[in-house]
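Down below is the structure, laid out as C-alpha cells.
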Amino acid sequence: MRLNLPALLFVIPFLTAVALPLIGLFRKHWCWSVALASLSMMHVMSLMAFNHTLEMGPIRYPLGGWLPPIGIEWRLDGFSGLAMVLISLVALVAVVYAGPGVRTTLAHKAAHLYTLVMLLISALTGMVMTADLFNLFVFLEVTALTGYALVAVAGGRAMLAAFRYLILGTIGASFYLLGVGYLYAATGTLNMADLAEKLPGLWGSTAVLTGLVFIIIGLGIKMALVPLHGWLPDAYAHAPEAISPLLASLITKVALVALARIMFWILGPDVIWDEVPVMVYLGWIGAIATLAGAFLALSEQNIRRTFAYGGISHVGLVVMGISLGNLTGFAGGIFYLMTDAVMQLGLFFVAGAMASHYGVREVAEVAHLRGRTPWMTAALIVTALSMVGIPPTGGFFGKWYILMGALEMKNYVAVGVIILGTVLTLAYFVRILEKMFVEGSTVTRQDASDLPWEMRFGMGTVTAGLLLFGIFSDPVISFIRTVAAPPGF
Amino acid sequence: MNWVLETVLRRPNFLAFILLFLFGLHIMVADKHLIRKLIGMYLVQTGLMLFFITQGVKTGSTVPILLTSELPVQPAAYANPIPAALMLTAIVVGVATLGVAFALVISIYRQYQTLEEDELVRKMQ
Amino acid sequence: MDLIVTLPLLMLVLLTAAGAVFVKDLIASVLILGAYSFFLALLWAWQGAVDVAFTEAVVGAGLSTVFFLLTLFSVAQKETTRRSYRFSWLLMSGLMMLGLLMVYGAQGLPPVGDPTSPPNVHISPVYLERSFEETRTPNVVTSVIMDYRGFDTLIETTVIFTAGIATSLLLWRHKA
Amino acid sequence: MIQSHDSLVVQTLGRLVIPVIQLYSVYVLFHSQFGPGGGFVGGVLFGASMVLTLLIFGAGHANGLIEQMAFRADGLGLLLFLGVGTLCIFFGELFFDYAALQLPGFDPASRRSFGIVVTQIGVAMDISVVTVLIFFCLSPELEGSWKNELGA
C-alpha cells in the first residue's frame, strides 16, 4: 500500500468529487462535512507520503504498471511532497472557511459546488505529481474548467469575468499544448525523465527552443505573470466570497510549481542559465511583474482587486527568486511561494468576510470596520506584515533569502526591485489600514452578526501559519535546499 | 525572409496550421461577439490537432490497426498511434470547454440580453 | 504523391474556416463550421488517423455544431447577425511575431511523413510491436488510450464530467 | 418542457432510426478494439439517440426516464472507470494495471483486454449522460417543472 501513496493521494479527493453529486441528492447538508473529512484524510496521507520521501527517497510511480517512457509516470519527491502537504492543508482550511458562505448564499447548489472544489483539488494534486507533459495538459484543463465554473457561479459580472478567463485560459492551454507538440516532434517523447535524457543533444534545434517559449507563455498565462495577467483580477474579485480564497491561493501557485518542475527537472540548472538562457529572461519578466503588480495594487480601489494584484506581484517575485541562479534564490523563491499561498488565503479570507458580513468592498469603506472586528483586524494585520515583509512573519524570511540570493549573485537590480516592491506593498497596506485606525468613522451602521466560527478558524489558522512559517523558516529553508532542490544545483 | 518561405512551402500542413491557429487567435481576441470568439477558439483547437496529427504521418504506412495475420508486427508499416491518441483526448477536452463556454454565454444572455462584449460591460456598470 | 489529396483538402479546410468567420449570419457560419470539421476528418482519415477522424466527425462536426445551434436558438435573432470587430495594430504585430516564431521553430521539425523522425522511431514502435501480445487489441490507438496511457483517458472523462457538473451548476434554475 | 413532435412521419421515422443508432453506437463501442471507434464516439452516438428520443417524443416520455438519468447518473460511468483502476490497487498491483484483475482462466493480456472493454463502457456511459445533460441545460425551452423539482 505504501507504494501506492501517490495514486491514493489523488484518488481520495477524486472519489469524493464523483460521489458528492450522489450524496447531494439525499443529504445536501452533508456535502461540506464529507469534503472536509476527505481533505483531512488527504492531508494525513500527504504527510505520510512526505515522510516516506524523506526516509526512502523519491517514488517514481508508473501508472498502469507500464515503465516510464511507455506509460505515464508520476513522481513523488521532496519537491512535490512539499507541494502536496501545502495544497492539502491550504485546501482544508479554505473549505472550512467556505462552509458558512456557501450555506447562506449558494445552499441549493452546494453539492455541485463542492464537487467542483474537490475536482479542482484533485487536479492540482495531479499537476504537482505528474511527470508527463501531456498528462499535465489534461490536468491543467480540469483545473481551468472548474475554475471558470467556480468563478461564474456568483452570477452577474462574475460571468463576464469567467468568460474572459475561459478565453485567456484556453489560449494559455493551447500555447502550452503547442509547445509540447514542438518538443514531441523534436524528441518523440512526453515523459519528463526521458526528455531530460534526450534534450542535451538538441540545444541547437530551433524546434526545442520554440517549444520552450510556447510552454513558458502558456504556463505564464495560467500563473498570471505580468504581461499575461489580464484574467486574474476580475475573476478573483467577482468570484463568490466563499470560494475565492481557494482559487486565489492555489491555482497560480501550482502553475508556477509546474513551470519550476519543467525548468529545473527537465532542462536542469546547468542549462537554463547558459546554453538556453530562458531563466535570465524570466528573471527580468519577474522583476517587471513584481513592480507592475504592486503599482496596479496601489492604484486600485476595490479591496479584492488590490489583493489580487498583490498576488500577481508576488508571483513575479517568486519567478525572480527562482531565476536568480543559485540555490539560495531557489530555496527563497519556493519558500516564498508557500508563504504566499497562505498569505493570499488570509487576504481573501479577510476580504470575503468584509464583503459578506459587513458589506465592505471598497478601500474607502474600510473605516466602517473600526473597532468592531478584533479577530479580523488581527488576521489582516499579521497578513499585511507578512505581505510587506516584516519579521517574525514568513514573508520576511522569504524575501530575506531571495535578497541573500541576489546579493550572492551580485544582482543589484533584483535587490532594488525587492526593496522597491516592499515599499510599494507597504504603501497599499498603509492605505487600507489607515482607514481602519486613523480616520475616525462617523458612520454607525447596523451591527453585523459576529463572524461564524468557521471563518474565525480560517483566519486564526492563517495567522498562526504565517507566524509559524517565520519561526520555523530555518528548518524549512534547509529542507528545501537539501531534499526539494533539483539535482545538479 | 527566404527561410520563412522555404520552411513553409515544404510543409503545406504546417502552413495551414499556422493560418488556422493565428486566424483563430485573432478572432478570439479582436472580435467582440462572444459566440464568434468561441468559433475562433474552435479553430485554434482544431488547428493544434492538425499540427499534432502531422507529426504522426509516415509515408508508405497504413492506419494503426494491426493485421493479426502478419506477426510479428512491422512498425514501419503503420502510422504513429501516439499523436492520434493524444488528439482524441484533446478533442474531448475541446468539446467540454465549448460546453462550459456555452453555458456561460447562455446565462450571460439570460441576464443581460446581449452578447456583445462592450455593450455587456456598459450594462454591467 | 499524397499531396494531390492533401492540398485540396487543406484548401477546403482553410476556405471553410474563413467562411465560418466572415459569413454574416452566425447560424450559417456554424453550419459552415460543421463542414470544416468534416473536411478535417477526411484529411485525418487520409493521413492514417482514422480514430481521430471518426471522433472529429462525430464530436466536432456533430456535437459541437449541435451545441452551437442550441445556443444560437436561445438568443434573439438580432444577436446572431450583428458584427462587432475591433482592429488593433498591437494584436496584429503580436500575431505576426508569433507566426514568425512558429516558422522559426518549424525549421527544426522533421519533414512531414519521415519514417525516421523522432516521434516515429522513439516510443511509438514499442506500442505497435507489443500492443497485440500484451493487450490483445489490434487497434493500437485504443490500446494506447485505454491502457498504456489509460490515466489520461480517466482525466479526460473527468473533464467531460466537470463540464456536465459546471453546465448544470450554471444553468439550473431553482425555486428560491 | 420539450414538447413531443406531432407529425406522424417524424414519429414513425424516429421509431425506426433510434434503435439503429443505438445498435450502431453499441457496435462502435465494442468493436473499437478491432477498428476505429471507442468509448467517446459510442457514448456520443448513444447520447445523440437519446436526444433524438427527447426531440421526437417529448421530455415527459416514459416517465421522464431520460431526464432523471441525465441529472442523477452523472458520474456513474466515471465511478466504473475509477473502480476498475482502484480494484487493481486492491489486488496488490499498481493503479490501472489491468493485468492484476483476478479473472480465473484469463492470461494477463486477456485481462488487459477485458479492462479496456470495461473502462470503455465507463467512458461511454459518462459521455452519453453528459451529452444529454448539456443538451438539456442548453436547450432554450427550459421553463419545465420537473427541473425545479430536481433542483429543490
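Order as written gives the chain letters A, B, C and D; numbering starts at 1 within each chain.
Heads up, the rule we're going with is that a residue touches a chain if its C-beta (ideal position, glycine included) is under 8 Å from a C-beta of that chain, and two chains touch if they have at least 3 such contacts.
Since this is a predicted model, take the numbers as computed values, not measurements.
Two chain pairs, B-D and C-D, are compared here, and C-D has more C-beta pairs in contact (counted per touch definition above). Separating the CA-averaged centres of chain C and chain D is a span of 22 Å.
Centre-to-centre, using mean CA coordinates, chain A is 36 Å away from chain D. Chain centres here are Cα averages; for chain A and chain B they lie 29 Å apart.
Counting partners per residue, chain A has 14, 18, 21, 63-64, 108, 134, 138, 141, 145, 148-149, 152, 178, 184-185 as the residues that reach two or more other chains. Touching of two or more other chains is recorded for residues 50-51, 55, 59, 63, 67, 70-71, 74, 102, 106-107, 109, 117, 119-120, 123-124, 127, 138-139, 141, 145, 147, 149-153, 156, 158-168, 170-172, 174 of chain C.
Along chain D, residues 34-36, 38, 40, 74-75, 78, 82, 95-96, 98, 127, 130, 134, 137-138, 151-152 each make contact with two or more other chains.
Chain-to-chain contact here is organised exhaustively, every possible pair of chains being in touch. Residue ranges of chain B in contact with chain C, taken from their complex: 3-4, 7-8, 10-14, 16, 18-27, 29-33, 35-36, 38-40, 42-43, 46, 49-50, 53-68, 71-73, 75-76, 78-89, 91-100, 102-107, 109, 113-118. For chain C in complex with chain D, the residues that touch the partner chain are 50-51, 53-55, 58-59, 62-63, 66-67, 70-71, 73-74, 133-139, 141-143, 145-147, 150-151, 153-154, 157-158, 160-161, 163-165, 167-168, 170-175. Against chain B, the residues of chain C that register as touching in their complex are 2-3, 6-7, 10, 13-14, 17-18, 20-21, 26, 29-30, 33, 36-37, 40, 43-44, 47-52, 55-56, 59-60, 63-64, 67-68, 70-72, 74-76, 79-80, 82-88, 91-92, 95, 98-100, 102-103, 106-107, 109, 111-115, 117, 119-120, 123-125, 127-129, 131-132, 138-141, 144-145, 149, 152-153, 156, 159-160, 162-164, 166-167, 170-171.
Residue ranges of chain B in contact with chain A, taken from their complex: 21, 25, 28-29, 34, 37, 41, 44-45, 48, 51-52, 55, 82-83, 86, 89-90, 93, 96-97, 100-101, 104-105, 107-108, 111, 117, 120-121, 124. For chain A in complex with chain B, the touching residues are 134, 138, 141, 145, 148-149, 152, 155-157, 159-160, 162-163, 166-167, 170-171, 174, 177-178, 181, 184-185, 190.
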